[in-house]
Amino acid sequence: MAFQFPVRIYWEDTDAGGIVFYANYLKFFERARTEWLRSLGIEQQALKSEVGGMFVVSETSLKYHRPAQLDNLLTITAELVEAGRATLTLRQQALIEVPSLAPQLLAEGMIRIGWVDSNTLKPGRIPATILKALKP
Amino acid sequence: MAFQFPVRIYWEDTDAGGIVFYANYLKFFERARTEWLRSLGIEQQALKSEVGGMFVVSETSLKYHRPAQLDNLLTITAELVEAGRATLTLRQQALIEVPSLAPQLLAEGMIRIGWVDSNTLKPGRIPATILKALKP
Amino acid sequence: MAFQFPVRIYWEDTDAGGIVFYANYLKFFERARTEWLRSLGIEQQALKSEVGGMFVVSETSLKYHRPAQLDNLLTITAELVEAGRATLTLRQQALIEVPSLAPQLLAEGMIRIGWVDSNTLKPGRIPATILKALKP
Amino acid sequence: MAFQFPVRIYWEDTDAGGIVFYANYLKFFERARTEWLRSLGIEQQALKSEVGGMFVVSETSLKYHRPAQLDNLLTITAELVEAGRATLTLRQQALIEVPSLAPQLLAEGMIRIGWVDSNTLKPGRIPATILKALKP
(Lines give C-alpha, C1' and ligand atoms only; values in the text may rest on other atoms or scores of the structure.)
Protein backbone atom coordinates (compact mmCIF):
# COMPACT_ATOMS: atom_id res chain seq x y z
CA MET A 1 0.00 0.00 0.00
CA ALA A 2 1.18 3.49 -0.82
CA PHE A 3 2.57 5.87 1.82
CA GLN A 4 0.12 8.71 2.55
CA PHE A 5 0.70 12.28 3.65
CA PRO A 6 -1.86 15.09 4.19
CA VAL A 7 -1.36 18.49 2.51
CA ARG A 8 -3.55 21.50 3.26
CA ILE A 9 -4.03 24.13 0.52
CA TYR A 10 -3.11 27.72 1.49
CA TRP A 11 -3.19 31.04 -0.43
CA GLU A 12 0.45 30.49 -1.44
CA ASP A 13 -0.58 27.37 -3.40
CA THR A 14 -3.28 29.00 -5.53
CA ASP A 15 -3.23 31.20 -8.62
CA ALA A 16 -5.53 33.79 -10.20
CA GLY A 17 -7.53 31.00 -11.81
CA GLY A 18 -8.86 30.40 -8.28
CA ILE A 19 -7.27 26.95 -8.13
CA VAL A 20 -4.02 25.30 -7.09
CA PHE A 21 -1.16 26.28 -9.41
CA TYR A 22 -0.26 23.04 -11.19
CA ALA A 23 3.49 23.34 -10.59
CA ASN A 24 2.81 23.09 -6.86
CA TYR A 25 1.80 19.43 -7.13
CA LEU A 26 5.52 18.77 -7.64
CA LYS A 27 6.08 20.41 -4.23
CA PHE A 28 3.31 18.36 -2.61
CA PHE A 29 4.70 15.18 -4.14
CA GLU A 30 8.14 16.02 -2.80
CA ARG A 31 6.84 16.67 0.71
CA ALA A 32 5.27 13.20 0.63
CA ARG A 33 8.49 11.61 -0.70
CA THR A 34 10.46 13.35 2.04
CA GLU A 35 8.10 12.05 4.72
CA TRP A 36 8.15 8.60 3.14
CA LEU A 37 11.96 8.60 3.37
CA ARG A 38 11.77 9.93 6.93
CA SER A 39 9.37 7.10 7.83
CA LEU A 40 12.14 4.72 6.69
CA GLY A 41 14.70 6.49 8.86
CA ILE A 42 16.28 8.56 6.08
CA GLU A 43 16.80 12.28 6.68
CA GLN A 44 18.05 14.24 3.68
CA GLN A 45 19.87 17.06 5.49
CA ALA A 46 21.81 14.39 7.42
CA LEU A 47 22.60 12.54 4.17
CA LYS A 48 23.95 15.73 2.68
CA SER A 49 26.28 16.53 5.57
CA GLU A 50 27.24 12.97 6.58
CA VAL A 51 27.22 10.95 3.36
CA GLY A 52 27.95 13.87 0.99
CA GLY A 53 25.20 12.89 -1.41
CA MET A 54 21.64 13.78 -2.22
CA PHE A 55 18.72 12.80 -4.39
CA VAL A 56 17.91 15.03 -7.37
CA VAL A 57 14.84 14.77 -9.54
CA SER A 58 15.66 13.63 -13.07
CA GLU A 59 12.21 13.13 -14.56
CA THR A 60 8.62 14.10 -13.78
CA SER A 61 5.48 13.11 -15.65
CA LEU A 62 2.16 14.43 -14.35
CA LYS A 63 -1.48 14.55 -15.36
CA TYR A 64 -3.81 17.08 -13.75
CA HIS A 65 -7.41 15.81 -13.67
CA ARG A 66 -9.41 18.07 -11.35
CA PRO A 67 -8.56 21.36 -9.66
CA ALA A 68 -8.09 21.81 -5.91
CA GLN A 69 -8.99 25.00 -4.07
CA LEU A 70 -8.05 27.06 -1.03
CA ASP A 71 -8.67 25.21 2.27
CA ASN A 72 -8.93 21.79 0.60
CA LEU A 73 -7.21 18.97 2.46
CA LEU A 74 -5.43 16.61 0.08
CA THR A 75 -3.92 13.19 0.56
CA ILE A 76 -0.64 12.73 -1.28
CA THR A 77 0.63 9.22 -1.89
CA ALA A 78 4.11 7.91 -2.65
CA GLU A 79 4.84 4.39 -3.84
CA LEU A 80 8.20 3.02 -4.90
CA VAL A 81 7.79 1.17 -8.19
CA GLU A 82 11.43 0.63 -9.12
CA ALA A 83 14.73 0.79 -7.25
CA GLY A 84 17.81 0.73 -9.45
CA ARG A 85 21.44 1.23 -8.46
CA ALA A 86 21.39 4.91 -9.29
CA THR A 87 17.75 5.88 -9.58
CA LEU A 88 14.40 5.37 -7.86
CA THR A 89 11.03 5.60 -9.60
CA LEU A 90 7.91 6.52 -7.66
CA ARG A 91 4.25 6.64 -8.52
CA GLN A 92 2.43 9.48 -6.74
CA GLN A 93 -1.14 10.74 -6.52
CA ALA A 94 -3.02 13.70 -5.12
CA LEU A 95 -6.48 12.78 -3.84
CA ILE A 96 -9.30 14.62 -2.13
CA GLU A 97 -12.05 13.26 0.07
CA VAL A 98 -15.54 13.99 -1.21
CA PRO A 99 -18.48 13.38 1.19
CA SER A 100 -20.28 10.07 0.45
CA LEU A 101 -18.10 9.31 -2.55
CA ALA A 102 -14.80 7.54 -3.14
CA PRO A 103 -11.75 9.84 -2.88
CA GLN A 104 -11.30 11.80 -6.10
CA LEU A 105 -8.06 11.78 -8.04
CA LEU A 106 -6.81 15.34 -8.64
CA ALA A 107 -3.37 14.67 -10.10
CA GLU A 108 -1.03 11.74 -10.58
CA GLY A 109 2.35 11.04 -11.94
CA MET A 110 5.68 9.36 -12.05
CA ILE A 111 8.80 10.86 -10.46
CA ARG A 112 12.33 9.59 -11.05
CA ILE A 113 15.08 10.60 -8.67
CA GLY A 114 18.80 9.94 -8.97
CA TRP A 115 21.66 10.01 -6.52
CA VAL A 116 24.42 12.64 -6.93
CA ASP A 117 27.47 13.80 -5.04
CA SER A 118 26.46 16.98 -3.13
CA ASN A 119 29.54 18.89 -4.23
CA THR A 120 30.28 17.77 -7.77
CA LEU A 121 26.60 17.00 -8.60
CA LYS A 122 27.90 13.94 -10.47
CA PRO A 123 25.65 10.87 -10.53
CA GLY A 124 26.62 7.92 -8.39
CA ARG A 125 25.31 4.73 -6.82
CA ILE A 126 22.68 5.03 -4.12
CA PRO A 127 24.34 4.07 -0.80
CA ALA A 128 23.61 0.45 0.17
CA THR A 129 22.17 1.48 3.55
CA ILE A 130 19.51 3.53 1.76
CA LEU A 131 18.63 0.78 -0.72
CA LYS A 132 18.36 -1.63 2.19
CA ALA A 133 16.04 0.71 4.11
CA LEU A 134 13.77 0.91 1.06
CA LYS A 135 13.25 -2.85 0.92
CA PRO A 136 10.21 -3.81 2.97
CA MET B 1 -1.09 32.65 24.81
CA ALA B 2 -0.24 32.63 21.14
CA PHE B 3 -1.71 30.12 18.69
CA GLN B 4 0.92 27.60 17.56
CA PHE B 5 1.31 25.68 14.31
CA PRO B 6 4.11 23.32 13.21
CA VAL B 7 5.86 23.81 9.87
CA ARG B 8 8.36 21.34 8.45
CA ILE B 9 11.11 22.61 6.12
CA TYR B 10 11.28 20.95 2.69
CA TRP B 11 13.57 21.47 -0.33
CA GLU B 12 11.04 23.92 -1.80
CA ASP B 13 11.62 26.25 1.18
CA THR B 14 15.39 26.49 0.88
CA ASP B 15 17.75 28.45 -1.36
CA ALA B 16 21.31 28.08 -2.63
CA GLY B 17 22.60 29.62 0.61
CA GLY B 18 21.67 26.26 2.17
CA ILE B 19 19.02 27.89 4.36
CA VAL B 20 15.33 28.79 4.28
CA PHE B 21 14.64 31.57 1.76
CA TYR B 22 13.57 34.54 3.92
CA ALA B 23 10.46 35.36 1.85
CA ASN B 24 9.05 31.96 2.82
CA TYR B 25 8.57 33.01 6.44
CA LEU B 26 5.68 35.11 5.10
CA LYS B 27 4.18 31.86 3.81
CA PHE B 28 4.74 30.06 7.12
CA PHE B 29 3.18 32.99 8.99
CA GLU B 30 0.17 32.88 6.70
CA ARG B 31 -0.30 29.13 7.16
CA ALA B 32 -0.39 29.75 10.93
CA ARG B 33 -2.86 32.67 10.56
CA THR B 34 -5.07 30.48 8.37
CA GLU B 35 -5.06 27.69 10.96
CA TRP B 36 -5.67 30.22 13.74
CA LEU B 37 -8.73 31.49 11.86
CA ARG B 38 -9.84 27.90 11.21
CA SER B 39 -9.52 27.13 14.93
CA LEU B 40 -12.02 29.97 15.47
CA GLY B 41 -14.41 28.50 12.91
CA ILE B 42 -13.44 30.82 10.06
CA GLU B 43 -12.72 29.27 6.63
CA GLN B 44 -11.44 31.69 4.00
CA GLN B 45 -12.68 29.91 0.87
CA ALA B 46 -16.17 29.87 2.43
CA LEU B 47 -15.89 33.58 3.27
CA LYS B 48 -14.97 34.32 -0.32
CA SER B 49 -17.92 32.46 -1.85
CA GLU B 50 -20.53 33.15 0.85
CA VAL B 51 -19.67 36.58 2.25
CA GLY B 52 -17.95 37.92 -0.88
CA GLY B 53 -15.00 39.26 1.05
CA MET B 54 -11.47 38.29 1.98
CA PHE B 55 -8.50 39.37 4.03
CA VAL B 56 -5.55 40.89 2.19
CA VAL B 57 -2.18 41.65 3.71
CA SER B 58 -1.50 45.39 3.89
CA GLU B 59 1.72 45.52 5.88
CA THR B 60 4.51 43.14 6.91
CA SER B 61 7.51 43.87 9.11
CA LEU B 62 9.95 41.03 9.76
CA LYS B 63 13.31 40.47 11.38
CA TYR B 64 15.31 37.35 10.52
CA HIS B 65 17.58 36.32 13.41
CA ARG B 66 18.85 32.80 12.72
CA PRO B 67 18.62 30.57 9.64
CA ALA B 68 16.57 27.37 9.43
CA GLN B 69 17.57 24.36 7.33
CA LEU B 70 16.13 21.44 5.44
CA ASP B 71 14.27 18.96 7.70
CA ASN B 72 13.97 21.45 10.60
CA LEU B 73 10.62 21.43 12.37
CA LEU B 74 9.52 24.97 13.25
CA THR B 75 6.79 26.26 15.50
CA ILE B 76 4.98 29.26 14.06
CA THR B 77 2.94 31.45 16.39
CA ALA B 78 0.10 33.88 15.70
CA GLU B 79 -1.24 36.34 18.23
CA LEU B 80 -3.85 39.01 17.62
CA VAL B 81 -2.62 42.31 19.06
CA GLU B 82 -5.19 44.69 17.60
CA ALA B 83 -8.63 44.27 16.02
CA GLY B 84 -9.97 47.38 14.32
CA ARG B 85 -13.09 47.76 12.18
CA ALA B 86 -11.20 47.24 8.95
CA THR B 87 -7.84 45.75 9.89
CA LEU B 88 -6.30 43.16 12.19
CA THR B 89 -2.74 43.28 13.47
CA LEU B 90 -0.91 40.11 14.45
CA ARG B 91 2.41 39.41 16.06
CA GLN B 92 4.04 36.24 14.73
CA GLN B 93 7.18 34.25 15.44
CA ALA B 94 9.10 31.33 13.98
CA LEU B 95 10.79 29.20 16.65
CA ILE B 96 12.86 26.04 16.65
CA GLU B 97 13.39 23.54 19.44
CA VAL B 98 17.01 23.05 20.40
CA PRO B 99 17.86 20.07 22.66
CA SER B 100 18.33 21.10 26.32
CA LEU B 101 17.85 24.80 25.56
CA ALA B 102 14.90 27.16 25.37
CA PRO B 103 13.28 27.33 21.90
CA GLN B 104 15.29 29.64 19.64
CA LEU B 105 13.72 32.56 17.83
CA LEU B 106 14.43 32.38 14.07
CA ALA B 107 12.23 35.18 12.78
CA GLU B 108 9.51 37.44 14.10
CA GLY B 109 7.29 40.17 12.85
CA MET B 110 4.09 42.10 12.64
CA ILE B 111 1.47 41.44 9.96
CA ARG B 112 -1.47 43.71 9.24
CA ILE B 113 -4.40 42.38 7.25
CA GLY B 114 -7.40 44.30 5.96
CA TRP B 115 -10.82 43.27 4.73
CA VAL B 116 -11.73 43.80 1.05
CA ASP B 117 -14.61 42.96 -1.26
CA SER B 118 -13.53 39.87 -3.29
CA ASN B 119 -14.66 41.36 -6.59
CA THR B 120 -13.90 45.08 -6.37
CA LEU B 121 -10.94 44.62 -3.99
CA LYS B 122 -12.18 47.77 -2.19
CA PRO B 123 -11.59 47.96 1.58
CA GLY B 124 -14.56 47.49 3.87
CA ARG B 125 -15.53 46.68 7.42
CA ILE B 126 -14.73 43.25 8.77
CA PRO B 127 -18.04 41.34 9.12
CA ALA B 128 -19.36 41.43 12.71
CA THR B 129 -19.51 37.63 12.91
CA ILE B 130 -15.77 37.45 12.27
CA LEU B 131 -14.91 40.16 14.81
CA LYS B 132 -17.07 38.36 17.34
CA ALA B 133 -15.32 35.04 16.69
CA LEU B 134 -11.95 36.72 17.32
CA LYS B 135 -12.94 37.89 20.81
CA PRO B 136 -11.95 35.31 23.38
CA MET C 1 11.69 27.76 -35.34
CA ALA C 2 10.83 27.79 -31.67
CA PHE C 3 9.90 30.96 -29.81
CA GLN C 4 12.69 32.01 -27.40
CA PHE C 5 12.56 33.85 -24.09
CA PRO C 6 15.41 34.68 -21.67
CA VAL C 7 15.14 33.78 -17.97
CA ARG C 8 17.66 34.88 -15.36
CA ILE C 9 18.19 32.70 -12.27
CA TYR C 10 17.70 34.45 -8.91
CA TRP C 11 17.95 33.23 -5.28
CA GLU C 12 14.21 32.50 -5.30
CA ASP C 13 14.77 29.87 -8.02
CA THR C 14 17.43 27.85 -6.20
CA ASP C 15 17.36 25.27 -3.42
CA ALA C 16 19.76 24.01 -0.76
CA GLY C 17 21.34 21.68 -3.32
CA GLY C 18 22.92 24.86 -4.73
CA ILE C 19 20.98 24.49 -8.00
CA VAL C 20 17.69 25.50 -9.56
CA PHE C 21 14.75 23.73 -7.88
CA TYR C 22 13.38 21.43 -10.59
CA ALA C 23 9.74 22.45 -10.12
CA ASN C 24 10.70 25.96 -11.20
CA TYR C 25 11.31 24.88 -14.78
CA LEU C 26 7.53 24.62 -15.02
CA LYS C 27 7.41 28.32 -14.11
CA PHE C 28 10.08 29.21 -16.66
CA PHE C 29 8.25 27.22 -19.33
CA GLU C 30 5.04 29.03 -18.50
CA ARG C 31 6.68 32.46 -18.71
CA ALA C 32 7.87 31.54 -22.20
CA ARG C 33 4.40 30.24 -23.22
CA THR C 34 2.85 33.47 -21.92
CA GLU C 35 5.28 35.59 -23.94
CA TRP C 36 4.75 33.37 -26.99
CA LEU C 37 0.98 33.97 -26.71
CA ARG C 38 1.61 37.68 -26.17
CA SER C 39 3.77 37.76 -29.32
CA LEU C 40 0.69 36.45 -31.18
CA GLY C 41 -1.49 39.17 -29.68
CA ILE C 42 -3.07 37.02 -26.96
CA GLU C 43 -3.18 38.41 -23.41
CA GLN C 44 -4.47 35.99 -20.77
CA GLN C 45 -5.86 38.51 -18.26
CA ALA C 46 -7.87 40.06 -21.10
CA LEU C 47 -9.10 36.59 -22.17
CA LYS C 48 -10.25 35.92 -18.63
CA SER C 49 -12.25 39.12 -18.27
CA GLU C 50 -13.48 39.50 -21.86
CA VAL C 51 -13.90 35.95 -23.15
CA GLY C 52 -14.53 34.30 -19.76
CA GLY C 53 -12.11 31.49 -20.44
CA MET C 54 -8.52 30.52 -19.70
CA PHE C 55 -5.91 27.91 -20.43
CA VAL C 56 -5.12 25.38 -17.72
CA VAL C 57 -2.27 22.91 -17.78
CA SER C 58 -3.49 19.31 -18.08
CA GLU C 59 -0.23 17.42 -18.54
CA THR C 60 3.50 18.01 -18.05
CA SER C 61 6.35 15.68 -18.88
CA LEU C 62 9.88 16.87 -18.14
CA LYS C 63 13.42 15.55 -18.13
CA TYR C 64 16.12 17.36 -16.17
CA HIS C 65 19.55 16.84 -17.72
CA ARG C 66 21.96 19.36 -16.17
CA PRO C 67 21.58 21.76 -13.23
CA ALA C 68 21.47 25.55 -13.52
CA GLN C 69 22.82 27.91 -10.87
CA LEU C 70 22.33 31.38 -9.43
CA ASP C 71 23.03 34.16 -11.97
CA ASN C 72 22.81 31.83 -14.98
CA LEU C 73 20.99 33.25 -17.98
CA LEU C 74 18.79 30.62 -19.63
CA THR C 75 16.99 30.56 -22.95
CA ILE C 76 13.54 29.01 -22.73
CA THR C 77 11.87 27.82 -25.94
CA ALA C 78 8.24 27.18 -26.77
CA GLU C 79 7.06 25.39 -29.88
CA LEU C 80 3.50 24.42 -30.73
CA VAL C 81 3.45 20.80 -31.89
CA GLU C 82 -0.29 20.14 -31.92
CA ALA C 83 -3.39 22.33 -31.86
CA GLY C 84 -6.64 20.48 -31.22
CA ARG C 85 -10.10 21.90 -30.65
CA ALA C 86 -9.75 21.84 -26.90
CA THR C 87 -6.05 21.38 -26.17
CA LEU C 88 -2.65 22.62 -27.32
CA THR C 89 0.56 20.64 -27.02
CA LEU C 90 3.91 22.40 -26.77
CA ARG C 91 7.49 21.22 -26.77
CA GLN C 92 9.72 23.32 -24.53
CA GLN C 93 13.40 23.44 -23.63
CA ALA C 94 15.69 25.22 -21.19
CA LEU C 95 19.13 25.94 -22.65
CA ILE C 96 22.25 27.68 -21.44
CA GLU C 97 25.01 29.27 -23.45
CA VAL C 98 28.46 27.83 -22.77
CA PRO C 99 31.49 29.74 -24.12
CA SER C 100 32.88 28.18 -27.34
CA LEU C 101 30.39 25.32 -27.26
CA ALA C 102 26.89 24.72 -28.58
CA PRO C 103 24.13 25.76 -26.14
CA GLN C 104 23.62 23.05 -23.53
CA LEU C 105 20.25 21.48 -22.88
CA LEU C 106 19.32 21.71 -19.18
CA ALA C 107 15.73 20.51 -19.25
CA GLU C 108 13.09 19.70 -21.82
CA GLY C 109 9.54 18.56 -21.93
CA MET C 110 6.05 18.46 -23.27
CA ILE C 111 3.25 20.62 -21.88
CA ARG C 112 -0.42 20.15 -22.70
CA ILE C 113 -2.86 22.95 -21.99
CA GLY C 114 -6.64 22.89 -22.27
CA TRP C 115 -9.29 25.58 -22.47
CA VAL C 116 -11.78 25.96 -19.60
CA ASP C 117 -14.54 28.35 -18.61
CA SER C 118 -13.08 30.75 -16.00
CA ASN C 119 -16.04 30.38 -13.65
CA THR C 120 -17.15 26.75 -13.94
CA LEU C 121 -13.65 25.44 -14.81
CA LYS C 122 -15.38 23.11 -17.30
CA PRO C 123 -13.47 22.22 -20.48
CA GLY C 124 -14.57 23.82 -23.72
CA ARG C 125 -13.45 24.59 -27.25
CA ILE C 126 -10.61 27.02 -27.74
CA PRO C 127 -12.08 30.24 -29.22
CA ALA C 128 -11.65 30.38 -33.01
CA THR C 129 -9.83 33.73 -32.84
CA ILE C 130 -7.15 32.15 -30.69
CA LEU C 131 -6.75 29.08 -32.93
CA LYS C 132 -6.49 31.41 -35.91
CA ALA C 133 -3.81 33.51 -34.23
CA LEU C 134 -1.77 30.35 -33.57
CA LYS C 135 -1.66 29.41 -37.27
CA PRO C 136 1.41 30.90 -38.90
CA MET D 1 18.07 58.37 -8.74
CA ALA D 2 16.94 54.88 -7.94
CA PHE D 3 17.94 51.85 -10.01
CA GLN D 4 15.00 50.51 -12.02
CA PHE D 5 14.15 46.99 -13.18
CA PRO D 6 11.05 45.72 -15.04
CA VAL D 7 9.09 42.73 -13.73
CA ARG D 8 6.25 41.09 -15.64
CA ILE D 9 3.47 39.35 -13.68
CA TYR D 10 2.85 35.69 -14.58
CA TRP D 11 0.40 33.07 -13.26
CA GLU D 12 3.04 31.88 -10.78
CA ASP D 13 2.93 35.31 -9.08
CA THR D 14 -0.81 35.45 -8.47
CA ASP D 15 -3.14 33.88 -5.91
CA ALA D 16 -6.81 32.93 -5.72
CA GLY D 17 -7.67 36.52 -4.77
CA GLY D 18 -6.95 37.27 -8.45
CA ILE D 19 -3.99 39.47 -7.54
CA VAL D 20 -0.26 39.20 -6.94
CA PHE D 21 0.51 37.22 -3.77
CA TYR D 22 2.04 39.81 -1.41
CA ALA D 23 5.03 37.66 -0.43
CA ASN D 24 6.17 37.78 -4.05
CA TYR D 25 7.06 41.48 -3.81
CA LEU D 26 10.03 40.30 -1.74
CA LYS D 27 11.09 38.24 -4.77
CA PHE D 28 10.61 41.16 -7.15
CA PHE D 29 12.60 43.43 -4.82
CA GLU D 30 15.39 40.88 -4.69
CA ARG D 31 15.53 40.54 -8.48
CA ALA D 32 15.97 44.32 -8.66
CA ARG D 33 18.67 44.29 -5.94
CA THR D 34 20.48 41.50 -7.80
CA GLU D 35 20.41 43.47 -11.05
CA TRP D 36 21.47 46.64 -9.21
CA LEU D 37 24.51 44.75 -7.84
CA ARG D 38 25.18 43.28 -11.29
CA SER D 39 25.09 46.81 -12.78
CA LEU D 40 27.90 47.65 -10.32
CA GLY D 41 29.92 44.62 -11.42
CA ILE D 42 28.98 42.40 -8.47
CA GLU D 43 27.82 38.83 -9.21
CA GLN D 44 26.57 36.87 -6.20
CA GLN D 45 27.38 33.34 -7.42
CA ALA D 46 30.95 34.49 -8.04
CA LEU D 47 31.11 36.09 -4.58
CA LYS D 48 29.98 32.83 -3.03
CA SER D 49 32.59 30.68 -4.77
CA GLU D 50 35.48 33.18 -4.87
CA VAL D 51 35.09 35.30 -1.74
CA GLY D 52 33.25 32.68 0.35
CA GLY D 53 30.62 35.13 1.49
CA MET D 54 27.10 36.20 0.63
CA PHE D 55 24.42 38.71 1.50
CA VAL D 56 21.49 37.50 3.59
CA VAL D 57 18.34 39.47 4.30
CA SER D 58 18.05 40.46 7.96
CA GLU D 59 15.03 42.74 7.94
CA THR D 60 12.12 43.55 5.62
CA SER D 61 9.39 46.14 6.12
CA LEU D 62 6.74 46.46 3.42
CA LYS D 63 3.48 48.25 2.81
CA TYR D 64 1.12 47.00 0.11
CA HIS D 65 -1.00 49.83 -1.31
CA ARG D 66 -2.67 48.58 -4.49
CA PRO D 67 -2.90 45.11 -6.04
CA ALA D 68 -1.21 44.07 -9.29
CA GLN D 69 -2.66 41.52 -11.70
CA LEU D 70 -1.68 38.94 -14.28
CA ASP D 71 0.10 40.48 -17.31
CA ASN D 72 0.87 43.77 -15.52
CA LEU D 73 4.33 45.16 -16.17
CA LEU D 74 5.85 46.61 -13.00
CA THR D 75 8.87 48.79 -12.42
CA ILE D 76 10.85 47.80 -9.35
CA THR D 77 13.28 50.32 -7.86
CA ALA D 78 16.28 49.85 -5.58
CA GLU D 79 18.06 52.68 -3.81
CA LEU D 80 20.86 52.35 -1.28
CA VAL D 81 20.07 54.54 1.73
CA GLU D 82 22.76 53.32 4.14
CA ALA D 83 25.99 51.37 3.81
CA GLY D 84 27.48 50.18 7.08
CA ARG D 85 30.43 47.87 7.65
CA ALA D 86 28.27 44.79 7.95
CA THR D 87 24.86 45.75 6.57
CA LEU D 88 23.27 47.64 3.69
CA THR D 89 19.85 49.27 3.83
CA LEU D 90 17.80 49.77 0.68
CA ARG D 91 14.56 51.53 -0.08
CA GLN D 92 12.52 49.77 -2.76
CA GLN D 93 9.27 50.37 -4.58
CA ALA D 94 6.96 48.55 -6.98
CA LEU D 95 5.28 50.89 -9.47
CA ILE D 96 2.92 50.48 -12.38
CA GLU D 97 2.38 52.73 -15.36
CA VAL D 98 -1.19 53.93 -15.75
CA PRO D 99 -2.15 55.62 -19.06
CA SER D 100 -2.25 59.45 -18.76
CA LEU D 101 -1.45 59.37 -15.04
CA ALA D 102 1.70 59.38 -12.94
CA PRO D 103 3.04 55.88 -12.18
CA GLN D 104 1.10 54.35 -9.30
CA LEU D 105 2.80 53.00 -6.20
CA LEU D 106 1.79 49.38 -5.55
CA ALA D 107 4.15 48.46 -2.73
CA GLU D 108 7.17 49.92 -1.01
CA GLY D 109 9.53 49.03 1.72
CA MET D 110 12.89 48.89 3.39
CA ILE D 111 15.21 45.89 3.08
CA ARG D 112 18.29 45.35 5.23
CA ILE D 113 20.91 42.85 4.09
CA GLY D 114 23.97 41.66 5.99
CA TRP D 115 27.16 39.92 4.98
CA VAL D 116 27.82 36.37 6.17
CA ASP D 117 30.40 33.66 5.61
CA SER D 118 28.89 31.17 3.11
CA ASN D 119 29.87 28.14 5.16
CA THR D 120 29.50 29.16 8.80
CA LEU D 121 26.71 31.69 8.09
CA LYS D 122 28.40 33.95 10.68
CA PRO D 123 28.14 37.71 10.14
CA GLY D 124 31.21 39.57 8.98
CA ARG D 125 32.39 42.77 7.37
CA ILE D 126 31.36 43.48 3.81
CA PRO D 127 34.50 43.13 1.61
CA ALA D 128 36.09 46.51 0.85
CA THR D 129 35.89 45.93 -2.91
CA ILE D 130 32.11 45.65 -2.65
CA LEU D 131 31.72 48.74 -0.47
CA LYS D 132 33.91 50.64 -2.92
CA ALA D 133 31.79 49.52 -5.88
CA LEU D 134 28.66 50.78 -4.10
CA LYS D 135 30.04 54.32 -3.77
CA PRO D 136 29.01 56.40 -6.76
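By written order: A, B, C and D. Residues from 1 in each chain.
One rule holds for everything that comes next: a residue touches a chain if its C-beta (ideal position, glycine included) is under 8 Å from a C-beta of that chain, and two chains touch if they have at least 3 such contacts.
All values reported here derive from a predicted model rather than from experimental measurement.
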Contact-richer chain pair [A-B vs A-C]: A-C
Far-end chain from subunit A, centres as C-alpha averages: D
Distance from subunit C to subunit B - Cα centre to Cα centre, in angstrom: 32
Inter-centroid spacing, subunit C versus subunit A (mean Cα positions, whole Å): 23
Residue list for subunit D, restricted to those that touch at least two other chains: 11-12, 16-19, 23, 27, 30, 48, 69-70
Of all residues in subunit C, those that touch subunit D in their complex: 8, 10-12, 27, 30-31, 34, 38, 43-46, 48, 69-72
Contact footprint of subunit D on subunit B as seen in their complex: 16-19, 22-24, 26-27, 30, 45, 48, 54, 56-64, 67, 118, 121
Residues of subunit C touching subunit B in the complex: 11-12, 14-19, 21, 23, 69-70
